[in-house]
Amino acid sequence: METFEFPVRVRYHEVDAQGVVFNAWYLAWFDEAMTEFLEARGLTYRTMLDAGYDVQLVHTEIDWRAGVGWGEDVAVAVSTARLGRTSFALDFQVRSTDAAGNPSVTCDCRTVYVVIAVDGSGKQEVPQLIRDALGEPRPLQPLP
Amino acid sequence: METFEFPVRVRYHEVDAQGVVFNAWYLAWFDEAMTEFLEARGLTYRTMLDAGYDVQLVHTEIDWRAGVGWGEDVAVAVSTARLGRTSFALDFQVRSTDAAGNPSVTCDCRTVYVVIAVDGSGKQEVPQLIRDALGEPRPLQPLP
Amino acid sequence: METFEFPVRVRYHEVDAQGVVFNAWYLAWFDEAMTEFLEARGLTYRTMLDAGYDVQLVHTEIDWRAGVGWGEDVAVAVSTARLGRTSFALDFQVRSTDAAGNPSVTCDCRTVYVVIAVDGSGKQEVPQLIRDALGEPRPLQPLP
Amino acid sequence: METFEFPVRVRYHEVDAQGVVFNAWYLAWFDEAMTEFLEARGLTYRTMLDAGYDVQLVHTEIDWRAGVGWGEDVAVAVSTARLGRTSFALDFQVRSTDAAGNPSVTCDCRTVYVVIAVDGSGKQEVPQLIRDALGEPRPLQPLP
């Protein structure tokens, strides 16, 4: 199975005075990529909320290998890294292709989410509809 | 009475590849300055919401005369421009001081807000608690 | 000729506590739509910069008629509104389609840009490569 | 010596539909806090750039224990965590105080920066002016 990829077009205001995308925007990209990943696997965020569930970030780790400039088209790859009782982890990779067509990974990220109830009752076991969407873990980075 | 001023420290990520604050951040500054303006006049946003009211932007007009660079400390001046039945307008000015101590206005803005009910019942007459906070109109720019 | 439309997918972080896209993000959308508009007409931002020109916002006016929620797909229409000696204006419209397929305009904007030299020498006459991309003015809103 | 703290006032647009600050804004806060930290220790970002040095993020790790709501005043604590040959790490903590005056840490972060030359010649040894500003490492979180 192909790894899910979400195309990202760098927005002008995401590039800072250093000429590359400012670090905080990566988290915004990953957030959007997470939503698209679940949706591509049949679970819209709306459906999840309507079923009474939401997710919260509890941990994220990012490694930057290179910057991304304006006008550079990149893709964010997403894959399930780990599936626990009340939490799960997703792996993200920012993938770029240079002028000669050579692909490279400019950034790696792993984020851990906990499932919570929208009624405020706190942490929940990962429900079947989220498990179905996440599927079998296939980490993009080695697990610790 | 002195015009209310809200100090703004430019954030690194607000500066784009042109070396000046990206246009969209001005609206974020004005939003924050609006909240601080009302609070300085005795009305916290929380109190307004608790009383059943919220405000929505319906119109904004911005004139930029000069850019603002990183490391430049500026202030956003706020003043009531107009007070209507269900809407009001605020004037904003971005004020900068150069190395020689000369003040200048780098940006003017007028924004029109309508008062709405938080219960979803729509437009409301501007309630007394908001009128009291807005006070007598003292536009910073000529009215049209 | 069809009006140029740039599709926008609302990002989760663009929606504020009121449940609709925060006002400042509209300017970020319009900025991106401007770039795409010029590119669709044969002028990339990179080409413009390499030719020694850049553009600066000097004025913007926005009217909001309705909010845009998360999960709502909208398009930003862009059209040349006015073409002057050293400046030009673009019109923007945020267009939404409801569940029944009815289109509506939720937001109108007109923005005035001045052409500047990238070498710091200031305002420039609108060069032919920008004139060609802008084409004949076809305002989306009545001119003042 | 007291740990350096940088006060942060949550901006309205930083709060998302979940009612808490969106995750990406933490990185923007930490970026600003880093600048203020160095400046409080005698090194402005401008001076660093003028001396030919800049810093780049290569790694960041964030743990969220609780969300931060709008109207909540928090402080970002910053401390030098590690000082290497061409890189250094800073620790960040988001500190909140509840209505009863009880302090808590809602978020921990460690970020690794490499020192680069502004002339594009790449990685550099951490120069004395940055070493002086960073001082003796005093991690806020245990080192791995």
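Labels for the chains are A, B, C and D, by order of writing; each one numbers its residues from 1.
What we mean here is this: a contact is a pair of C-beta atoms (placed from the backbone, for glycine too) under 8 Å apart; a residue touches a chain by one contact, two chains touch by 3 or more.
Because the structure is predicted, anything quoted here is derived from the model rather than measured.
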Given chain A and chain B, the chains that contact each of them: C, D
Chain at maximum distance from chain A, centres defined as averaged CA atoms: B
Contact-richer chain pair [B-C vs B-D]: B-C
Distance between chain centroids, defined by C-alpha means - chain B, chain D (Å): 29
Whole-Å separation of chain centres (CA-atom averages), chain B against chain C: 23
Of all residues in chain C, the ones touching two or more other chains: 12-13, 22, 24, 28, 31, 70
Of chain C, residues touching chain A in the complex: 9, 11-13, 28, 31-32, 35, 44-46, 70-71
Chain A - residues contacting chain B, complex: 12-13, 15-17, 19, 22, 24, 70
Footprint of chain B on chain C - complex, ascending: 18, 22-28, 31, 54, 56-65, 67
